[in-house]
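In order of appearance the chains are A, B and C, and numbering begins at 1 in each one.
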């Protein structure tokens, strides 16, 4: 009958036990431990990337319209979180951090929720790209958290889906040529190309509200924008394709 | 006469019973790590009991799978009063990544009143001990309320 | 007058109160020493007392399939018999009740707590309890044989040519001729007794009957509340009874002259016996299977006791 542990046991009985004190001393040897989430609402741009990558869907958002913008409350449910830190990795602005705080014990659900409110000013306008200077590198498309931008290098096209775009502005920061910006959509109306026009006055005759005035003698073409109903009859009737519907340059 | 002694003893000698309702075993390992020499939960009187009839604190881990749901309810009914239920990890509280699955029936709040929840995936043994300590104090309050 | 004295012996010292209190203390010492050997802090010495009082405050659930009377009476029977045994064990000079056949009475009474566990387990109506009680029965059969041989050896040694079953006679013989432990022919019997004690008490490595997570605590599976508290108290009292029996059988020759000092020395030797035979073996071994346990007791331990018996019978 062998008792291999006997000597160790008797020796242990006379030495100091190796138990840690309780409550345990703070912050020793925790290293990169992923504990309670720390959220900084000031730097959040509401790109929605954290919600996309969170596997247990622990992050929820509530938006409340106020004057001048939106109040965005982001809630991190620690009782659902799996502490993978993917949200920390993907957050561009660094607003989410995993602290080393492991004391996550609560008797009520409210003890285990981290939330913060951001105020986001209303962004007027949609995303536009100055296609003359764009090099079609695709960095904006790759970094878009909602996959709203499509860039094709071979055909040199740049498109954005305005429904998906959340106007976070991350693409603007990533563009190396600084060709992206939010622009108020220009009013659409009849565009006049002076080089192609022969002043035949057909458009003035076709206009149902009489908004166009053409003078053959002085070679002037004017349109009363207030009366124009944008029906497009003048565009269809022009034999020289000097008129088109598009954004009006003032 | 002995009432005060009995009430005090309720917090000083809490016996644990652990139910694994479909857990990945991560939280189970950390729970028994609490009883190792480094964290030593036994110095507060914690002891793992072999049967739910001996238990004071029931520790539940795992999202409640459909197969274990019936057994969980029956086991919880076998624990004598006063008792405390502790949900260990984020699975029993919300289902964690298994939310919405066809065979997962979290949260535990649907089946019993959860007294303490320890969040984490998995929670550290120090956090588990804090949660168990809190549960022991709640036990004392329950015992006092039982025999007012 | 004699009634008051008897009541004092039965209820206070060395009866119910002393056995319960000191038994719980010994159980606490056992847990603390095991913890220290495992290099951790361990529960306070009063922990079994807290356990007992907490159990008094819990709800008692009686299962539907259980036999109510046997279920509730079993722990009480064990408790009463253990308190009774302590009255027959002399504390060196002093015996509460002594007759001419003390050892036989003790032998019979010591089986009762085991039987109470078996009755309690079988009346719970649980199949796990059924497995537990069959193991408890085998354990009892296993340790009864060497136990009887040890008692016979001690009785023969103290009686000379006859068998002296009276504890008072054994105590007086040791005072005159030196403690039994000092007689070289009784040393195998002492070692055998040290191995029988953990089996009687039900501590590792011989706890295959109860307190086992494999069969959900065996006979105690359906107990809760006050009856369970009584069963745990029985275990603690049995620790005292067995170590007390060992002390008075093998160390009974110590006479300090002062009565209080006698009691203190008795208690200290009980603590030492607990630490040596219960805690140390608990900390360094795993649990034996039932067939290994049976074989161990009927070969090795019985062999030791038999050696002592033969030596004593030959007059050595």
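In the analysis below, contacts are C-beta pairs under 8 Å (C-beta built on N, C-alpha and C of every residue); 3 or more make two chains touch, one makes a residue touch a chain.
All values reported here derive from a predicted model rather than from experimental measurement.
**Student:** Going by CA means, which chain is nearest the middle of everything shown?
**Tutor:** Closest to the centre of all protein C-alpha atoms: chain B.
**Student:** Hey, which pair has more contacts between C-betas, A-C or A-B?
**Tutor:** A-B
**Student:** Measure off the straight-line distance from the CA centroid of subunit B to the CA centroid of subunit C, and report it in whole Å.
**Tutor:** So the centroids are 35 Å from each other.
**Student:** Suppose each chain is reduced to the average of its Cα coordinates; what separation in Å results between subunit A and subunit C?
**Tutor:** It comes to 76 Å between the two C-alpha centres.
**Student:** Provide the C-alpha centroid distance between subunit A and subunit B, rounded to the nearest whole angstrom.
**Tutor:** Each chain reduced to its C-alpha mean, subunit A and subunit B end up 43 Å apart.
**Student:** Subunit C: which residues touch two or more other chains?
**Tutor:** 35, 38-42
**Student:** Among the residues of subunit B, pick out those that touch two or more other chains and give their numbers.
**Tutor:** 37-38, 40, 43-44
**Student:** Got the subunit A residues that touch at least 2 other chains?
**Tutor:** 17-19
**Student:** Residues of subunit C touching subunit B in their complex?
**Tutor:** 31, 35, 38-44, 47, 49-54, 56-61, 211-213, 216-217, 220-225, 228
**Student:** Which of the residues in subunit C end up touching subunit A in this complex?
**Tutor:** 33, 35-42, 280, 283-285
**Student:** Show me the residue ranges of subunit A that touch subunit C in the complex, using the header's touch definition.
**Tutor:** 3, 5-6, 9-10, 12-13, 15, 17-19
**Student:** Quick check: in the complex, which residue numbers of subunit A touch subunit B?
**Tutor:** Per the stated touch rule, the residues are 17-20, 22-24, 33, 35, 55-58, 77-83, 102-107, 109, 112.
**Student:** Tell me, which parts of subunit B touch subunit C in their complex?
**Tutor:** Counting only subunit B, the residues touching subunit C are 2, 5-10, 12-14, 36-38, 40, 42-45, 48-51, 53-54, 56, 78, 80-82, 143, 147.
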